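By letter and in written order, the chains are A, B, C and D; residue numbering begins at 1 in each of them.
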Amino acid sequence: MAPLYALGCEGSANKLGIGVVSHDPATNKTRILSNVRHTFNSPPGTGFLPKDTAAHHRAHFVSVAREALKTAGLTSPKDLSCICYTRGPGMGAPLTSTAIGARTLALLWGLDMVGVNHCVGHIEMGRVITGADNPVVLYVSGGNTQVIAYAEQRYRIFGETLDIAVGNCIDRFARTLNIPNDPFPGYNVEQLAKKAFFEEDGVTKREPVLLDLPYAVKGMDCSFSGILGAADLLAAQMRKQDALLASGGTLKEGEERITPQDLCFTLQETVYAMLVEITERAMAHVGSKQVLVVGGVGCNERLQAMMGLMARDRGGSVYATDERFCIDNGIMIGLAGLLAWETGFRTPFEDSTCTQRFRTDDVHISWRSD
Amino acid sequence: MAAAAVETVALEHLPATHTVLLALYRNVANASFLQEQLLSRNADFEYAFVDASTVVSRFQLLSAVYKAVSAEMAGAMRTPNVHSEMVVSLSSNNNISEAYRRYGVQPATKDVVVVKVLISREGSPSSLTPEDVEKHLETHVQGDSVACSDEELAKVTDWPKLRKYHKLNGLPWIEAIKDEEAKKKELEMLIVSAMAMRGT
Amino acid sequence: MAAAMETEQFPCVLTIQVPFPTARLASVALQSLQVDKELSPLVRRIFTITPSGSDAGAGANATPDQHKTLQVEYRATTNRMLRVAVNSFMESLNLVIEVMEHLDADVLAAEAHSS
Amino acid sequence: MATPEPVAAIQPPPPPADATHEFPLPPILQRSASTAELITQGAEGRLYRTTWLAPDRFCALKHRPSKPYRHPTLDARLTRHRILSEARILQKCRREGVAVPALYGIDESQGVLSMEWVPGRPVRVEVNEYLQRRSGKYPGRARDSVARDEEGAAPLVGLMRRVGEAVGKLHKAGIVHGDLTTSNMMVRPWERNKKTGPINGSHQEDDDDTEHSLEGEIVVIDFGLASQGSADEDRAVDLYVLERAFGSTHPRAESLFPVVLEAYKDTFKAASVVLKKLEDVRMRGRKRSMLG
């Protein structure tokens, strides 16, 4: 039984990712043949709109697909077993544009189609990359915030955001401070937060100031919209201080000087502490010692460090992937699709649509039986 | 005078540095004298003189003692010393002067609970011994020394006053408890819990 | 009766004909584009494959491989809705054609052979 | 075909050498000869059984240790807030007549809460042992659900009624538990004189072998995730978690869950709205905590 090959197409948010992955059902070995990604970056201070993002995906679909095939050394599509695409969750227009491209490839090449849940893609890819067999998974991205654990052929959502996703909160926070979007807002927020440990000269050490942002965890769920509101107020206060000082004035006695660095530092300490807490609660509940962080926000070093401290205290360890896999990509969709395909799952053409809402626990994980 | 009436009490989770002495005097004749010694900060009279009618049980009394000693150890006292702290710890609200008035000895107080905490840390061992305290109380408290037991305390507890102080009236489920002992047990726990919450 | 009612509710109409080099490609385009339903209830569309324009006359007995034209009839309640739907169709159609042009099996095979 | 790049699994950081990263005991348990026994270790913290003031009075001591991953200021603020909120909720329950442990002491800076130790066993243990005795006595029925009018079912029905009453009182007092499982409800043997009090609601007459009869007062414990509020959604989720607990931990007793809801309705006037909401929560499969 030779390894099987699949092409995965991901376009649920602002990243178009197409890649070729192989999986050998006999040895359960996974190999990556190509993993190409093109990101739609809206100018600083703005978010990516569905219409523009979909236009971006359409414009780059062919070039990214061709590069993926070339890098994989695939001259003939008949080596592929199926075309996998992200069925959801995500933004409607970008999802649909990518699906049209994938559908056309499947029709042209006479292959089966497999609709994949974006989050299940992240989890399966994370499990392969890290070798963690049954971790609690924290899936944190621009569009999703979920704590998930596997039970009886389902990835069950233990805790989730009650309002906006953590990535969305960080992106919009970055916007209020006009932090650039490239490579992605979260990365730049992290760099600024690191600067909070130094004075303006970037050399002399200083103790970062923890400002006051609301910490909102309710059982295994958490909420981020309050933090966003509070951060906007602090940012406005900071601007007032900037203007006052610029015009030669001085701060009121005892008033704390607010800096972007301290704001970014506080946002990370507060938001990531919430995520680690609900993850720990899920780990305690299912009795797991392993935690896997997936999704764009999972690349954040501070989150990984904090999660590691928590896991170590429970005698376990944290697994995280680097940005090749952490951030939306086609490989994860190809892998999850191929695993499903191997168990006989197919998405009939007439059903190869997309859906913005697609709960992780709606998917039957037929390829696992532990 | 009855046999030695000052009891040394060992409290769980209390380090050896702190020794708690307890005494109960009925029909005290010189209550205003005792109060006067406190008000004039007479160093020989650093005691907790408690109006016994505001004490429900040994457990409730010792809860206040323990809370005061904990505050003293953590350097988080809100009153001058562990004895004054113990008196206010009997209250379920943060009003200190009111607490002294309500729970501390007043000229009209008939029955008085006396609490003394001897503290000896490295370098500052307590100058007093339990025997010194006992002798001092024997000479200065004009009252009948009795055991500071639940039975004795039960004789003097002024429930109506306490229910007003601790806002325990108007709880339908309490009034519905027929058995007096069961009702008192519930009230005791409500008071202890309220005391625990004080100052938070 | 239904047809009359149809025109009355959806007065704005546009029929687009897209000729393809082969019947296969026309069929691929049809299958690709008809899966996603129209987002708005104010728009109706009908996809058909018809014999290509030039030999329209031979429509009745055109051989299957002559059915190389994708025809789509859009009906909408207002011109604005018609324009929005048709624009979206054009964008998707453009992607399908681009994929055909650069990624069809024979295209890939030819490139592999020549490189 | 290009030689595919094998996916080398990223090795996780090795677990720390000092695997025995024992939590530090709270100061209160370190400063005297008094003994303490670790009962449970959850995500929140640790529960010890120790003594309080007198050596014969037991207390449940809950310690929320500081979390190394949290910024110290944030950690202290959270620990303080949570200990206080749990204490206030216990106090509010007690004042409203809900059977919960009495509060003995609070140290919010050390994150320590000491409460009355509730004798008796969790409802989970009582129900499971009842089911074992039942399948022993009636082997034929071992596999099927308990019917309400089935012979010998009265004690279990009585227990389920008292569970419903306890939850009804809790919600009536404006408290949402947040983690209502059969492990967080104790069956405390009736105290001689308290049995007739209303706090324990309706009850069966004395059975002869009381320790087998599931007799006892339902005492709700562990308010670590509790909140004050009266949102129907939150109350419905409380009931859903309890229903799931029966579903996964005591499948054969799940058939009696309607008894719990009936008692809940009898005790809590505004229950009908919550029960309707429970339907939506069931539909949505509000995942809440999956009961392992």
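In this section, a contact is a pair of C-beta atoms (placed from the backbone, for glycine too) under 8 Å apart; a residue touches a chain by one contact, two chains touch by 3 or more.
Since we're looking at a predicted model, the values are computed, not measured.
Enquirer: Compare the CA centroid of chain B with every other chain's and tell me the farthest one.
Expert: Looking at centroid distances, C is the chain farthest away.
Enquirer: Quick one: which pair of chains has the most contacts?
Expert: The chain pair with the largest number of C-beta contacts is A-D.
Enquirer: Between chain A and chain C, what distance separates the C-alpha centroids? Give it in angstrom.
Expert: It comes to 36 Å between the two C-alpha centres.
Enquirer: How many angstrom between the C-alpha centroids of chain B and chain A?
Expert: 60
Enquirer: On a C-alpha centroid basis, what's the spacing between chain B and chain C, in Å?
Expert: 92
Enquirer: Which chains are in touch, pair by pair?
Expert: Here the touching chain pairs work out to A-C, A-D, B-D.
Enquirer: For chain A, which residues count as touching chain D in their complex?
Expert: 22, 29-33, 71-74, 79, 128-132, 149, 151, 156-158, 210, 215, 218-220, 269-270, 273, 276-277, 280-281, 283-287, 290, 305-310, 312-313, 315-319, 321-322, 361
Enquirer: Over in the complex, which chain D residues touch chain A? Could you list them?
Expert: Residues 1-2, 4-7, 9-16, 19, 21, 23, 42-44, 67-71, 73-74, 77-78, 178-179, 225, 227, 285, 287-290, 292.
Enquirer: Where on chain C does chain A make contact in their complex?
Expert: Interface residues on the chain C side: 28-29, 31-33, 35-37, 91-92, 94-96, 98-100, 102-105, 108-109, 112.
Enquirer: Given the complex with chain B, which residues does chain D contribute to the contact?
Expert: 28-29, 31-32, 34, 50-55, 57, 84, 87-88, 90-91, 94-97, 102-109, 116, 191, 193-194, 196-199
Enquirer: If you look only at chain A, which of its residues touch chain C in the complex?
Expert: 55, 58, 61-62, 65-66, 69, 75-78, 96-97, 99-101, 103-105, 107-109, 349-350, 352-354
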